[in-house]
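Some structures to go through are shown next.
Next, two complexes with chain A in common: one pairs it with chain B, the other with chain C.
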Partner chain A sequence: MEAFGLLVQGFGILLTGKTLVLMMVGLVLGIFVGVLPGLGGPNGVAILLPLTFTMDPTSAIVMLSCIYWGALFGGAITSILFNIPGEAWSVATTFDGYPMAQQGRAAEALTAAFTSSFIGSLVAVLLITFLAPLISSFALKFGPPEFFAVYLLTFCSFVGLGREAKHKTVISMSLGLLLAGIGMDTVSGNLRMTFGSAELLRGINFLVAVIGLFGISEILLTMEERLALRGHAAGISLRVVLAVWKDLPKYWVTLLRSSFIGCWLGITPGGAIAASFMGYNLAKRFAKDPESFGKGRIEGVFAPETAAHASGTSALLPMLALGIPGSGTAAILLGGLMVWGLNPGPLLFVEHKDFVWGLIASMYLGNVVGLVLVLTTVPIFASILRVPFAAVAPMIVVSCAIGAYAIQNAMFDIWLMLGFGVVGYVFKKIGIPLAPFTLALVLGNRAEDAFRLSMIGSGGNLKVFWSNGLVGSITTLAILLLFWPLIDRLLQRAGLTRQPKTAAG
Partner chain B sequence: MAAVLCSAPAWAGWEPSKPVEIVVAAGAGGASDQMARMMQAAIQKNNLMKQPMVVSLKGGASGAEALMYMKTSEGDANKVLIAYSLIYMLPLSAKIPFNWRELTPVSVIALDQFVLWDNAGGPKTVKEFIAAAKAASSPFKMGGTGSKREDHVLTVFMEQKTGAKFSYLPYKSGGEAATQLVGNHTESNVNNPSENLEVWRAGQVRPLCVFDKERISYTTKVTEAQSWHDIPTCKEEGLDIQYLMLRAMFLPGKVTAEQQAFYVDLFHKVTQTTEYKDYMEKQALKPIFLTGKDMVQFLEEDDALNKSLMTEAGFVAK
Partner chain C sequence: MSQTDIEIVVEDPTAPEDDSPSVVSTRTIEIVVSLLLLTLAVTLGYDNWRTGISWDSTGPEPGYFPFYLSVILGGGSLYGLISALLSQHGGSETFVTRAQFRRVLAVFVPTLLFCLVMQFLGLYVASFLLIVGFMRLVGKIALWKSLLTALVFTAIMFVTFDVAFDVIMPKGPLEAAFGR
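Now for the complex of A and B:
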């Protein structure tokens, strides 16, 4: 077991007082940036990157990756407490996490989120440890048709498995796709829908839209309905944590499914955002009572969080092995590696063993330390709920505005955020789901590029999406999922069992 | 000695009073970003400036975001752009209302090479490659960064010179183009050395020729068998195409001469650091340092060349 020996060596590098202190500092900073909407992992890591220039590469990457884990943990906090996703991949966590908080089960929801984050990351790290060489060759199989098939699968699973009326999902998704087209089109090199405005050149940033759609619209709704954010009176004790943990084994299927989806999308790299939505939708699809989702079901927190974190962690693998960052934060870490003279690529695992295994060991340790750290600070975060709404609301609006501004240092984005706030409010009033809109906004461009590159490559022949086993099976699965409600009904009529096979993806 | 004498008054005259933003017209991890971070580290480690330097990524709209940002920052000497050939090409292809003459030139700090690469399992020489491309039933796929830019222009010129047909696939970054070549999703690319370095060292791609008049000067072995110098020029191989890309620093328009002098001096010092020298060799960049009149003359000639290439390739928007 070569991997095991190297891992032990990696732990040896880590277990020094200095590294452990850096780890704690990184985690606390990470949780902090994760909590602020919009600031998030990528910006946090980018801001703190120069601090590490004078450190040795291993200490530096340990600290930076701990900021990353911290941000992953922290993103869940505002989603659950305020319905404002601190990170894009936390959007799906709001669906059930926020209702739980409203019912006074905030501590339970937070514990569930942190625990499932931990499980997701752990599965991904185990995968990295033992499958690194195999996985990097798998990722190389992905050309434009394969990428498009994965995006198609994400879109189709939304329409086919979503709870909302299908036409509303499609309307929402189409609007998202339309807005995603604003800005420079990479394939033709032309500008689209910018109307001569310099501000629209860079397109609509996904996070700005998310902060407005979810955060600002929620404040508007709460103001209208005079609903106070209800505080959780009782102290959050070890008992709550243990109670949640005791129930964990009941949800092993959900946890395992989400981990699998997350790892797969992290490596391919479909990204944590797609993973969290897919994890949520599949959990709902395979539940005995899908209607209870969205009303504060703990599984609705487990599923997206596990998937997002499995994906966020496994996204580091293609970055290290191939130099393709699977997420924004991974891209910044990539820049950092280069500053320290480490070029990610197939040879990194051979030439800089110490560094790679030190990093992998830090993933294990950072996750354990992070879990303990966030759980012990749950009471502090949950106590925010006890502050009156009138005092919290302005603070949330200000922090949303700071977040929206900080992404690109543009005042225009604050106006955009407010605009999306109104859009989100109207959508919620007329019952159009927001999630398909945001999903289309973030994946629309990539899906379009992948489709057009496939078409250039094949000379316009659609058969390219069935040209090999890999892309063929993903495309077929996507189409099956799109028509799933229809197929489901036909199967029932034919008298076949209603129980679908699990883990078809 | 002369440089020291000239720059002394500049030091006394002006110095940034707040953190300096180095504006990158590309995404995270790309060649410009790497270079900006190298300079950030070189300046910080060698104490070349009292204020810190922060890297600001403005890669939106294929880098047009950075150009517009610099254009609208007139008179703000705390922003410096790390530019490349997009300053000539984007205004032509996408009609961005931008002209580099509105910015203040500081210095040209490097020239980047272009190399024709194919998969390690593909043809071994330029001649075999061209022959295979002509014989192929569907056109060879050429990966590159963006549309109607350097990589695309080079592809069009290869078609014109050889008569072979290519389908050009515009990816978001050179890194992506590199892995797509390794995965055999494309037959070739014209990446900069830095973009393909790691996959070359791993023996997954093969350099066929370099698009320059002379070979790359670095003779240290990069792979087990080859150095950058061992790659033949395209002309040697019978493919007479040359193209180099500038890497240059610009300030926004309407800054004072003193402010300009401060940065000329700063980047001159950067080019003297070991960080810069190591970086140049590692990424196989061509060292150059032009400033003042020499730089403007270089830019004018380079602009004219790029304009004619873009016009010939049919990439200029009407």
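Now for the complex of A and C:
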């Protein structure tokens, strides 16, 4: 129960006036970002990151993670009231949420969505509280070969388990790793891939790329759509909230199942999107009357929202414990850690106890405050959608530019951001996934260092990645995952009946 | 479906028409992107090969890791190129329609101008111009609303970043005139 004591200490750090104010600001900004079309969790966090540059790391992470929780809550509002998923992971929420709003049960649907989001997050935070310290203390024994094996596992599972065309994932990942290598080589001090340009000497900053890829490109994509919308406005009364909460225990199986799916997919790089659909589909399959789904059934809101939030939250577990982000947003938070001068990885739990436990405590508090906030302020946030996109778009562009410039005070970064905006737009339209790119860009240098250090240690012998049971099994698992689609097909061809796909998650 | 309590309605007068003709097919873009990536892979690969891709006494040379990544990138884009060239039926899919493309340019061109102007007039003046121009010309919003929104937003940004958080932005003659 050491974790419990440290958590209490974390709450102590948190309960200062300044941190609480930052938390509220973060949540409001986050809900705002989640409600607006064309802006989501990763974009919001990336754009608002520069605000935190001058803060101390704990205040900064509390504010940023609250933006993230806020965005997760906000996505549900537009799904239910307008049938427009503010986020990809709230698509499944529209299936039953919007019909409920049409039947005049919008308040009920919103309450269900927020409550289940809260429950999903809570389960995931509990998991983080008790699992993350264990994993990180285990990971303290890792040497470079083990770390490289874990990085390899992350990259391979993206290729093997991702739903996009394999070669597109490979392109996205290798491009990210390559761009991470531009500039000064950290081991030898040589310059690489700079082609004599002084601007490229600094390398390509991860956050600049992210702001372009997620911020600017999202504006371009949103403008392509028809932006007209019509929807319901709803206030939530205490009576409805209590009525929904009274019925909650009836749905404990759905809630628990979705939380579990979410946690699992959040830790592995499956993501909140897959989790929300899986949660919805499983709830439907196990229901006694599956045909009533899609017509405004409250379980159809509970299932995807719980899963999405559990997944979004638990994606922070591998980031905290190992320094490996489980999602795009977690990757951006990791980028933030480096800006604030913290070195992500298992040592974080030893060297920066205040920071880690402050963050974990803020997950609890942020979700409670967030729940109360969204329940009371839904009408205000829903009416944000009345603001025409023509006013919102240039403001987002300005925020992106401020963010990109502030990181290194370089005009070159503004152009880089614009370039990445175009790249992101084209990549998204031809189906090259951006998440592997983001992950590769932020992990690139660390993966390379781990590889080179293990090579130096072993005198250039690749056998070092099978030198003991631990590193050997991680490496083997990575290679198995990389070729998983092939193996799966071979197994089927060999006449073996398809096993329940537990291995693929 | 009864729509009794619809309360929020937002129109989009300049929305792209659904029947707009296609500008370019997805297949063409895939081919172009694959070729560009292949060129990039070859360029970076060559540069890394020059830096050194073999092993010396201390371990792998600096070009070793990125060189093999360029090879992977090249392989991936070559595969993408070939599969795009071979696909016959999937070729008719539209990458972007003319109406959509016009709308995308309506954001992209102002953003480009904004970045250019920023170098001479500073970020805050450029932001003001971008917001007014975009709201008025693209969004067809009343001039006074556009001016007011731009002024308020720019002022908030200035106070937040320059005054409260000390984040320095590019500045131009206007800020200089006020001694900031």
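Observations on the model:
Methods note: the second predicted complex is superposed on the first by the 274 of 505 C-alpha atoms of A that agree within 3 Å, B and C clash if a C-alpha of one lies under 4 Å from a C-alpha of the other, contacts with A are read in each partner's own complex, and residues count from 1 in each chain.
Throughout what follows, a contact is a pair of C-beta atoms (placed from the backbone, for glycine too) under 8 Å apart; a residue touches a chain by one contact, two chains touch by 3 or more.
Every value quoted in this text rests on a predicted model; they were computed, and no experiment measured them.
In the overlay built on the shared chain, the residue A:F195 is in contact with chain C alone; chain B does not reach it.
In the superposition on chain A, A:V187 makes contact with both chain B and chain C. In the superposition on chain A, contact is made by A:T54 with both chain B and chain C. In the superposition on chain A, A:A283 contacts neither chain B nor chain C.
In the superposition on chain A, contact of A:L342 is made with neither chain B nor chain C. Counting residues of chain A touched by each partner, chain B versus chain C, the larger count belongs to C.
In the superposed pair of complexes, A:G143 makes contact with chain B only, with no contact to chain C.
Of the two partner chains, neither chain B nor chain C is touched by A:L365.
After overlaying the two complexes on the shared chain, residue contacts for A:I456 are found with chain B and with chain C alike.
In the superposed model, A:L175 makes contact with chain C only, not with chain B. In the superposition on chain A, chain A positions 50, 53-54, 185, 187-188, 190, 409, 456 are in contact with chain B in one complex as well as with chain C in the other.
Those residues of chain C that touch chain A in the complex are listed here as 1-12, 15-16, 26, 29-30, 33, 37, 40, 44, 47-48, 51, 55, 58-63, 65-66, 69-70, 72-73, 75-77, 79-80, 83, 95-96, 100, 103-104, 106-108, 110-112, 114-115, 118-119, 123, 127, 130-131, 134-135, 138-141, 146, 149, 153-154, 157, 160-161, 165-170. On the side of chain A, the complex with chain C involves touching residues 50-51, 53-54, 81-82, 102, 104, 167-168, 170-171, 174-175, 177-178, 181, 185, 187-188, 190, 192-193, 195, 216, 219-220, 223-224, 226-233, 382-383, 385-386, 388-391, 393-395, 397-399, 401-402, 405-406, 409, 411, 414-415, 418, 421-422, 425-427, 429-430, 432, 448, 451-452, 455-456, 460.
Touching chain B in their complex are the following residues of chain A: 46, 49-50, 53-54, 139-144, 183-191, 198, 201-203, 322-325, 328, 331-332, 334-336, 338-339, 341, 343-348, 408-409, 449, 453, 456-457, 459.
Against chain A, in their complex, chain B makes its touches with residues 27-29, 33-34, 37-38, 40-41, 44-45, 52, 54-58, 60-62, 64-65, 68, 72, 93-96, 138, 141, 146-149, 152, 167-172, 175-176, 178-180, 182-183, 185, 197-199, 201-202, 204, 278, 315, 317.
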